[in-house]
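Before anything else, here is the set of structures, which you'll find just below.
Shared between the two complexes below is chain A, which has chain B as its partner in the first and chain C in the second.
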Partner chain A sequence: MSTAADERNARAPWALTAPALMLFVGVLLIPLAMTVMLSFHDWGQYKGIEPVFILKNWHEIATDPYYAEMFWRTFRIAILTTLLTALLGAPEAYILNRMSGRWKSIFLLVILGPLLISVVARTLGWALLFGGNNGLVNKLLMSAGVIRSPIPFMFTETGMVVALAHVMMPFMVLSVWAALQRLDPQIENAAMSLGAGPVTIIRRIIMPQIMPGVLSGAIIVFSLSASAFATPAIIGGRRLKVAATLAYDEFLNTLNWPLGAAVATLLLVALVLIVVGSNALIERRYAEVFR
Partner chain B sequence: MSRNGPLALIFHTIFVIVMVAPILVVCLVAFTPEGFLSLPTNGFSLRWFRAIANYPEFIHAFWVSLGLGALSSFVALLFAVPAALALARYRFRGRDALAALFLSPLMIPHVVLGIAFLRFFTSAGLGGSFAALIIAHVIIVFPFALRLTLAAATGMDLSVEMAAVSLGANGWTLFRRVTLPLILPGVISGWALAFIQSFDDLTMTVFLAAPGTETLPVRMFLYIQDNIDPLVTSVSACVIAITMTALILLDRFYGLDRVLAGKGDTGR
Partner chain C sequence: MAYLELDRVAKQFGAQTVVDDFSLAVGKGEFISFLGPSGCGKTTTLQMIAGFVDPTRGAIRLEDKNLAAIHPAKRGLGIVFQSYALFPHMTAAENVAFGLEMRNVPRGERAERVRAALAMVGLAGYEDRHPRRMSGGQQQRVALARALVIKPSVLLLDEPLSNLDAKLREEMQIELRQIQRTIGTTTILVTHDQNEAMSLSDRIVVMSQGKIEQIGTPQETYERPASAFVSQFLGKTNDFAGTIDRTVVPTQLVAGSWRAPAPAGLSGPVTVSVRPERIGFGDAGLSAKIMTRIFQGNHWLFQCDSECGPAIVIRQNDGQAQPAEGDAVRLTWRPEDMSVRARAGA
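After this line comes the complex of A and B, so read on.
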């Protein structure tokens, strides 16, 4: 039996979410659909965009090895960046969490603060440190006689991974740190009182509990790195293109919008599949943690 | 609580140095007296800071970024607060799908959003306008505004609201006098985080900005594409100084861990 109050209760969530829902349909889903459609349109140097339905762009991406190489490079860089942030960021978050209140908040500010600072400025810093013969670290090491020629950094994948890991690190630290907040320090003490050594405590007590934090941090870092634009554009330049910089060039330099739209659509679909897939795996594996 | 061992502290020191070095070097190079990129070994000079005055584009871009961030984060909250209340309190069919849709801008690469908005706003005749930038930024900051508001609304004690209802409060009064004050920490930190995301965005904005609506990251990026000289380091140094000040103030008065981790009222 449904009363008037029940009916109002059923309508209330929809009334509250309606403005946001309309906003998202109107200015997110429709533009995305338009982009997918755009990828099937034709384009010519002189005729511009022609609104017909052809598979030319998709055929070009599927058959030209240039695109396969570019996508493989994009995901390789993203995977390496994710590993680097997890290997360094998780221990750092743990160390940070064990500090006393005052130091904890100072270093939290130092490590998370860069999130606020423009990615352009942060990447510029790496270019200043390692940029060819003029790079400050290179100059220092060369004058000290440690190395003969500058460490290759600019226009290399290593450079992109290092700079990207620096940009993404706060997300990983934050994610692990949030997981650590849910952890009861008494469990650690209990393990210690039962005779567990520090290695055992980290492996058996800490790791299983912060793993969801590491994994959700990894998903964030991976998807942001695979679609990163500023850092690859500044470090990689025009020589080492990734999906985002290629799409940018097609849109704003070559003006081949349909091809750029196809690259973007493929990047979106690939990322959504990877992220949704790994999210489902993590949630099944750590169901009790998320409950 | 147990202390960190020496190995942990060495790791921590190196970690912090690497995190800070690129930012520090930008600030140091900004003070160079030379005409090229170098550390200020022959004394400090402010010539590159004075040089900013000759590039009003940078100053204009800064105000565009500031206004865009403040406004789009506020508009995003207008949509996000009711949505967060609905998601926190009701279990209804389609709830999970809605939540996924509202958080989807986190998952959609900004380069794809930039392309989609460029195509959309160009067709709508709004290409390169400030209005287009605001709408686009509302979408990208929405998940941050929603998440922190949602965290606060979920942790809220509903019995306070029931007490208010039993005393005769309802509708707008209930929201303004009871609900909003209770979730306000989450709402404010949501605004702050949303502002940061908007202020820092380059990837999406670079597709949408036109001369006149270029944001600071876009202006800096386009400048670096042409040449890297000490001017861009002094601009960066100014940005870093301003944001660090804001950050320290935010931490003093509110707690950075709360803003970033969205823990609402607990902790500290």
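After this line comes the complex of A and C, so read on.
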């Protein structure tokens, strides 16, 4: 019945989380708030940043079709990347899960190994293979006479989607893999004993159960792709900009920080809305499987 | 004629022989239990019948058709898995309807049969529940309904009751037996619970290390165990070392100071098995001393130290005075209550 002890107990959680909380506030919340504030400031070629409150940057983003196109491209690339990883990653995880003992661990390593290599190195690999006339694959195919001119890859949306899908694949495979682990090991036999063929088993029994895994993998891949910087920067360069590379350019090349901040803020808000919204939808739709 | 027949079936995983020389003829409508300790190959045998595991040797025939040529999806067997393996994304009704859908049963008839199957297992009104929102016993019933609704030629049950608590298990045992009697489906139950096997089955197949030890009715396996393994595995038993003396006329079976006319066909060292509830206290017989006496309500349990080793005796609590701890007693039993086997290595 000592109130002093109660008070101490009530304060303990706060005290214990304080260091992490301070770090969180210091390196995430404060810079984030400053970025949002920055997006309302003015900027001029000669006067630099002026700490006033105006809607100039937001107005520019809202009215100039350049930004609409750029954001549309960003999300188009992210959606296509997500579709591609889901289409390839889900069967990949399923096949992996059906492998026996040793092969399973070897291929799991093959799939997850790339995570240990920098995104830049992995994307540069694509550039080495398909980069214009000097790309290895292009050179080979041209000298073999299969194609006349190099396959367009660099500075194309297709190239960006392919490279991003390659980089993001492990996240999708892992997410589907986790869902597959929750399956009853006898579930396929159960369906088979009731007369279901292999296609029916996959379509009616396996797919609905791993769908939450595919969808949560899709959320991860989508948000990482939409905000990806390194891969679009290398494949798309200055010619084919997405939101992240544009914000980077505004900050470091044009030095128009407020406009860059507005682009970054919009990207963040859009992503948060999409992710939170789809997550809520998924959880409602798949309540039975998630429980 | 046998309905389902296993003919010298064997299964090897690599170098390990998991099931060996397994022959069994199951009659139509019979309820058979595979009983044995963990890892003795019960599930493997069941999965070979189901078609999920291919036998290394031997043949399995259903109504004289070789099952090896029939894909598991076409065998038309009903299977209840130990984990139930219900489809979690479907409601109870959808789970039960799945097998009918695969058989292209028209929608109207399907709904009617699903309703009837769920009602039969006592789950009327649970049609729209998802498995994860049901108790273990209810899930088990859905699995049973799902297997039965397709009118399977054989029902295979792999320890279906092992996840249930004791009371529910007993209820389900009774219910399972009733359902099986009503619809007359040939049934094979895998279990490692001897009480379950005894109370449910027409015949029990006792297995040990992939081999059949004995096939017989519950009474036969209990009262005439074919091997030491069977008598040990099915309830408590006393094994006494004895000898058959053919030098005297008539020949005698001797165990300590207990003696009886010798059964035909055996000589030399033997093992005498007697169930604890068949031993009584008398004036002549095996001399023993009572070490502990435990009161268990409807019966007394005595642990004795006899001249042929430790012995357990169970006496009905019929209101008569019972010997106390430390008393010297004589253990006796009727010759027909024992089973005598040749004793190896003596």
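Heads up, the rule we're going with is that the second predicted complex is superposed on the first by the 270 of 291 C-alpha atoms of A that agree within 3 Å, B and C clash if a C-alpha of one lies under 4 Å from a C-alpha of the other, contacts with A are read in each partner's own complex, and residues count from 1 in each chain.
Methods note: a contact is a pair of C-beta atoms (placed from the backbone, for glycine too) under 8 Å apart; a residue touches a chain by one contact, two chains touch by 3 or more.
Owing to the predicted nature of the structure, the values given are computational and were not obtained by experimental measurement.
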Touched partner set for A:Glu92, first chain B, second chain C, both or neither: first
Which partner reaches more residues of chain A (counting touched residues only), chain B or chain C: B
Partner chain in contact with A:His166 - chain B first, chain C second, else both or neither: first
Partner chain in contact with A:Pro13 - chain B first, chain C second, else both or neither: first
First, second, both or neither for A:Ile205, with chain B first and chain C second: second
First (chain B), second (chain C), both or neither touched by A:Leu38: first
Set of chain A residues, in rising order, touched by both chain B and chain C: 185, 192
Chain B to chain A touching residues, read off their complex: 1-5, 8-9, 11-12, 15-16, 18-26, 29, 36-39, 78-80, 82-83, 85-87, 89-90, 92, 95, 98, 101-102, 104-112, 115-120, 123, 135-136, 138-139, 142, 196, 199-200, 202-203, 206-207, 216-217, 220-221, 224-225, 228, 232-233, 236, 239-240, 243-244, 246-248, 251, 255-257, 260-261, 263, 267
Residues of chain A defined as touching chain C within the complex: 184-187, 189-197, 200, 204-205, 208-209, 286, 288-289, 291
Complex contact set, residues of chain C against chain A: 50, 52, 72-79, 81-89, 98-99, 102-103, 130, 132-133, 146-147, 150
Complex contacts: residues of chain A adjacent to chain B: 9-10, 12-14, 16-17, 19-21, 23-24, 27-28, 30-32, 34-35, 38, 88, 91-92, 95-96, 98-100, 105, 107-129, 131, 134, 136, 163, 166, 169, 174, 177-178, 181, 185, 188, 192, 198, 220, 223, 226-230, 233-234, 243-244, 247-248, 251-252, 257, 260-261, 264-265, 267-268, 271-272, 275
